[in-house]
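When the chains are written out, they are named A, B, C, D and E in that same order, and each has its own residue count from 1.
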C-alpha cells in the first residue's frame, strides 16, 4: 500500500530527472557550439563587467529568511493540530489560540521593529 | 483505475504507473506549450492586439516553433560561472514542479499517489524549486542574476508562509491532509465547496499562489525592465527553457491544487449535473483559474518590491492567521 | 535491540560525528551553524528510527523530533542573527577572527 | 554571671568595635583611647576568670553550652529513626590549659593596642580589625566544639590579612597573601579532619521510648567519649561483613592519618620546620603591634590545637609518633637557632628564634609526661610574653632609627638607656636565664624529655646554648659599640611605650620567680591529660 | 495512553508559569506600542512585578500533599521544583533590580526587550525544574538557552558581546545536540520519554542495554557539563561571561547554571539513584563520573582563575569551580546515613546565588566608573565607596568560604556529606582547592583596601544596585549565622521519595 503510493512518486521523480537529461542531450546533438571569448563573458547591460559577480547582497534577505524559518516551522505544529482538530476538543482549541496569539505577537514585533519594511535597512 | 494503487505491487502495475507518468508528462508539456500560446492570445485580445497568428493556423504552432528555436540555440555558459551548479540549477527547479503533480487527484479514480500527507507533500516539494533559483542566480556569477535570485527567494519564502497557513482552514474542516479525501469531503453542490466558508483562506491562497508563481503583478524576480531578466539572465537555450517550463508547470499545479482544495475538484456545481464526468468539471474549474491568472497579468501593473513584501507579511499573513480563528469559530457554530 | 535499527543508528552516529567535527573545526560561522544542524538531524534520525523500529515502537519519537526541528530552527535563527550582528560590526563571519577576548 | 563569663570575654571587644564605628575616622587621639580601652575590658574580665578559676578541678569550667545551629538531616534512609540531626554547639569552657592562654591573649592585646602608637594611618579600621582579631583568638582558646573552634580559627585569618596587608612594610601584600594561603591551607586540612571526626565519632544516639534520636555534633567531649572512653561506641566497631560496612567506623590507619593531618595542619601554624617560610615574611613585614600578637598568641594557637586535638583525641597515635614529634622539635630548635645566628636583620633573628622556641614546645609535648607537658605550656606562655616584648622593642627601635639591620645599629644604650635595658632583660629571658620565665619553661620541657628520650634532649639542649649566642650577639650589636651620629639625639621610650614594656617584663619576672601562678591551675589539668593518655596508650600498646 | 486533557484545576497548578508567559507577552506588546520617549525602566518594573506575582503563586502551592502530575506525567509540581523555582525567581528578581539600577540605553539599544527577555528565560528554568519528561525538559532547556543567547548579544554594537553570543550559540548548540543524542538513546531503550517509564525500562532491560546505557549517560553528562560549565566542558564560560552585559552574566552564572543542575539532579537521581540494577557497577560508575567531573571543575576553575586580570573572567572560572562544588551533593551518592543531598545542594545554590549576584552588582558599580571590568578597577574602592567595599568583603568571604557566611556553611555542609559517604578524596579536593581560591578572591580585597586608585573620585551607587548588594551581603551573613532556619524549612517540606524521585 505504502510502497505503491511512493512508487508513483518515485516514477515521477525519475521522469522529472529523465526529461532534462533527454532534452539537454538531444539539444547537444542539435545545437551548434562555437564558443568564443566574448560569448563567455558575464552579461552586464552591455558594459564590461565591473568587479566580482558574487557581490554582497543586502542583509535584509537574511532577515526574511529568519522570519520564514520561524513561521514555517511553526506551521509544523499547526498542521497536525488542524488535522486532528475535530477530535481534540476545547483544550486543543485554547492551546492553539495561545499558540497563534504568540505567533501574532511575534509578527507584531517584527512589524514594529521594521523588519517587514523593505526599505528600512 | 485507482484500485490499482490498493493492490500488491507487481511488474505489470509498475509499468502501468510508468506509462501513466509518461502520459501525464506529455500532457503537461502540451499544456505548457499551449498555455503560453493561450496566454499571449488572451493578453493580446484584452489589450486589443492579435497575439501570435503567423506560424500555423491562428499561430497555433508559434510556441512549438519557440521550443525548437530554444532547442537548437547555442548554449553558452559564462566563463566565471560555477559550472556544475549552473548546469544543475534549472534541473533542480524543474523536477519538483513535476513531481508535485503526482499527488493531485484529477477525478475520483484517476490514478495518482494517494498520499495521506498529500498537501504537506506538495508544500514541501514546491519549496525546493526556490533553491534552484537561488543556485541559478548565484552560479551565474552575475550581479543581476544574483539579485534576481535573492529577490525571487525572498518573495517565494515570504508568500510561502501565508500560502501554507491559509490552507489550515481547509485542513481543519476536512480533518485530513489527503487531497483525495479533501475533495471527497466537499459535496456535489457548489455551496458545499470550501471556497465559501473559507473565503478568506481562498483569497489569501489565490494571491499568495500568484506570487509563488512569480507572475504579474508579482513578477519582480524576472522584472525585465529592472533586473534585465532576473536569475536566468545568463541562461540560454534549453536550460532557460527549463526555468520557463518549471514556471508553467507550477501554473498547472497551483491551478489544480486550487481546484482540489477550494473548488470541489471533480464535483459538479449542482448535484443534478453530476452525470457529467468529473474530469470535465475539473478541467473547467482548472481552466477558469488559469484564465484568471492570465487575466490579472493583462490588467495589473507590477507592484514595487516593498509593497510586495508588505502585502505578504502585513496583510496576507495576519489574514491567514485570522482565518484559523474564523474557521474555528465557524466550526464551533456549525457543529 | 534488533538488527534492523542498527544501520540507522550507525548512519546517525556518522552524521553526528561529522557535525561535531564540522562545528568544532570549520572556519566560517555559517558552516559551523550548519554543522550543528547536522548534529540535530542525526538525533532526529535516531529518534525516528527508534520510533519505528525500536524496542518499544511509539509515536513519541516523531513528536520529539518535531520539537527538535522547531528548536533547531529557532536556534539557527538566533545564531544567524548574531552572526549578522557580528558581521556588521567586524566585517567578517569567520570563527578564527573571534579572539577579541583574552584575559 | 560566671555562667556566661566566657562569652562576655570573647565578645567584649565587639563593644569597642561598635563604639569605633560611630567615631569619625580622622580623630587619632580619640580612636586610640577607645581602642585601648576596648582591649582593657576583656583583660579585666580575664583577670576575674583567673581569680574565679578553681585550680584543683580537672573538669572544664565556666561551661556555657547550647545548640547553636540544628540542622535536620533527611531520615528517609533509615527505618525507625525519629530524629536525625546535625548540631553545631555553642560551647565555651576552659580548663587549666586554655585559661592561661585566654589571659595571655587578653594581656597581649592590650599591650599591642598600646603599641599602636606606631600606626600611622587609618586608625579606625586598624582598631576594628584588631578587636575582631581578639574575638577570634579568645574564641579559639575557649570553644569546645570542633566547628566553633574552626570558625574562630578562620575568623582570625581575615583581620590578620588586613592588618598585615594595610599597615605593614613595603612588601606587605605579599606577606599578607603568604600568611593567608599557608594558614588557609592549614585550616583546610584541619577542616577535613574535623569533618571526618564529626561524621564518625561525632555521632550520638538517644533511645527514648519509641523514639530513636541520632545526631552528629562536633562537641569535643562527645567525640572524646566516643573515640576513647566508650569501647562499645560505633566508632570502634569494625563490622566484619564487607557488604554492610559500619559507616561510623574509624580504623587504626584512619586514626593515624587523622593524627598526622592534624600535625600538619597545626604544624603550619606553629610553625614546624618545613612549613615555616610564611612566618618569616609576616614577622618582617607586619607592623610591630601585629607581630606582637602574631608571635605572642597566634603561634600558640597552633600549639594549643596540637595538644587539644592532636594529642588529646588521638593519644595512642601521638605516643606512637612521640619520637617523631621530638625529632621535629629538635630540628626546629637547631634549625631556628643556627639560622637566627646567621641573620643580619634583628627581626629575622627574632623570627628564627621563635621557630627555635616553638621547637621546645614540641619537645615538651613529645615527652608525654606531666613535667614535659607543663614545660610545653609554660613555654607557650613565656614565649608569648617574651616575643611580644621583643617585637615591641624592635618596633620602638625601628620607629626611631628606621632600620633593624644589625650592622646599621650600635651603641643605642647611650641614647636610649631604658629601651636598651629592657631589650637586655628580654634577651636574657629568651635565652633562659634563671629567674626569668624562659628558664622555667625550658627547664621543665627538657626535664620531661630527659625522662623519655635522653639523646634528643641532649641534642636539643645544644640549641639552648646557641640561643644564648645569637641573642646576646644581637643585643650587643644594638646596644653596645660605637653609636652612629644620626642615632645620638634619639629620644628614649615615651610612657605609652614604657607601660607595655614594664608590664610585660613584670609578668616575665613573675613567672620566673613565682611559677606557681601558672603551674597551679595547669598542674591538675595536665595530670588529668597524662593519666588519660597513658591509660589509652597503655591499652593500645599493651 | 488516552488523549491529553488539561482541566481548569490543573491550570491553577501552572499559574506561576502562565503568569510569566502572560507578563512577557503583555510587556512585548506594551514595549512595542509605547511611544519612544517613555522611560523603558517601566518595563523593568513591570517585569519585576510579574516575577513577584509568579513567586506568590509558587509559594501558594508549596508543599503539596502529593506531587501533582500534569499532562500525562510530563510535568510535576513537587517541592523539588517549587524550591528551585523560588530560587530562580528570586535570582531573576535580583538581576532585574540590578539591571534597573545600571543598564543604560547607550549600551543596550533595545532596552525594553532586555527586561522582558528575562521572563521567558526564567520560565525555561522553571520548566526544567518541574518536568519529568524528556521532551518538556528539552523544551525548557532550549527556551532558557535561546533566550540566553539573545540576551548575551544584547549589546548589539559591541563586538565582544556579539562574539560572546556567537560562541555561546555554537557551544550551547553543540551541547544541546549532545544532550539530545543521549536522550534519543534513552528513548530508544524505553520507547517513552517519561522518566519513570525509562527508569523501569532500563532496569528491566539492563542486561541488553548496558552499552547503550553507558553511551546515553555519558552523552548526557557531557551535555549537561557544558550547560553547568563544569570542567572539562567549561571553555565557553570565560568568553561568554566577559562579553555579555554584566547582569546577564550574573543570570548565566546563577539561574542558567542552577537550572541545568536541576535537570541533572532530576535525571540522574530519577534514573540511577535507587540503583535497582542487577549489578551495582553502573550506579557506581555514574556517580564516580559525576565526582570526577566535580573534582576536575574545582581544580581547573580555581587554578585558571589565579591568572585572570579581568574580573568577569575571574568570576567565570570561579563559577566553574563552584559548579564543581555544586556537583558534590549530586556525586555523593545517597547511602544509609546521607540522604539529604538535595538540602545540601539547595543551600549551596542559594549561597552561591547570593554571593555571585552581589559580586556582579559590585562589578557593575566598578564598570560604570571605569568602563571595563579589569581587576584594577577595584583599586581603592574602600575610599571611594566604603559601604559597598564592606559589603563586598562579606560577599567575598562567602565566596571563599570563610566563616561566618553562607558560603562557609554551605561548603562545610557539603564536606560533611562527602565524609559521611566516605568520599574523602572529593572532600579533600574541594577544601584544598578552596584554599587556592583565597588567592584570587583576596586579590579583589587587596585591590579595594590596599591599593589606591589614581583618580580618586567617589562612586555614585544607584539605589537598586545598593539594595541588591546589601541584600545579598546581608542574607549571606544571616545564612552563615542561622543556616538552620532555611535547612529546617527545606527538611520540613522536602521528601526524597515524594519530591525528587519519580516513582510511578
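Note that a contact is a pair of C-beta atoms (placed from the backbone, for glycine too) under 8 Å apart; a residue touches a chain by one contact, two chains touch by 3 or more.
Chains and their UniProt names: A = NADH-quinone oxidoreductase subunit A; B = NADH-quinone oxidoreductase subunit H; C = NADH-quinone oxidoreductase subunit K; D = NADH-quinone oxidoreductase subunit M; E = NADH-quinone oxidoreductase subunit N.
Note that the structure is a prediction, hence the values are computed from the model and not measured.
With contact taken as defined at the outset, chain B and chain E are each touched by A. Note on connectivity: the fewest chain-to-chain touch steps from chain C to chain D number 2. Farthest from chain D in terms of Cα centroid separation is B. Judged by contacting C-beta pairs, the busier of the interfaces A-E and A-B is A-B. The chain with its C-alpha centre at the largest distance from the centre of chain E is B.
With centres taken as mean CA coordinates, the chain nearest to the overall protein centre is E.
The geometric centre of chain A is 14 Å away from that of chain B, both derived from CA atoms. With each centre defined as the average position of its C-alpha atoms, the distance from chain A to chain C rounds to 21 Å.
Between chain D and chain E, the centres computed from C-alpha atoms are 42 Å apart. Inter-chain spacing, taken between the CA centroids of chain B and chain C, is 33 Å. Within chain D, no positions touching two or more other chains are listed. Residue positions 65, 87 of chain A each touch two or more of the other chains. Those residues of chain B in touch with two or more other chains do not exist in this structure. Taken together, the chains touch in the following pairs: A-B, A-C, A-E, C-E, D-E. Contact residues on chain D toward chain E in their complex (touch as defined above): 69-78, 86, 147, 150-151, 154-155, 157-158, 161-162, 165-166, 172-173, 176-177, 180-181, 184-185, 188-189, 191-192, 195-196, 198-200, 216, 247-248. Touching chain B in their complex are the following residues of chain A: 1, 3-9, 11-13, 15-17, 19-20, 23-24, 26-28, 30-35, 39-45, 49, 52-55, 57-58, 60-61, 64-65, 67-68, 71-72, 75, 78-79, 82-87, 93, 96-97, 100, 103-104, 107, 110-111, 116-119. Those residues of chain E that touch chain D in the complex are listed here as 334-340, 342-343, 393, 397, 402-404, 408, 412-413, 415-416, 418-420, 422, 424, 427-428, 431-432, 434-435, 438-439, 442, 445-446, 449-450, 482-484, 487-488, 491-492, 494-497.
Within the complex formed with chain A, the residues of chain E that make contact are 3-6, 25, 28-29, 32-33. Remark: chain B residues 4-9, 13-14, 17-18, 21-22, 25, 71-81, 90-91, 94-96, 98-99, 101-103, 111-115, 120-121, 138, 140-147, 150, 153-154, 157-158, 160-161, 164-165, 168-169, 171-172, 175-177, 228, 233-234, 237-239, 241-242, 305-306, 308-310, 313-314, 317-318, 321, 324-325, 328, 331-332 touch chain A in the complex.
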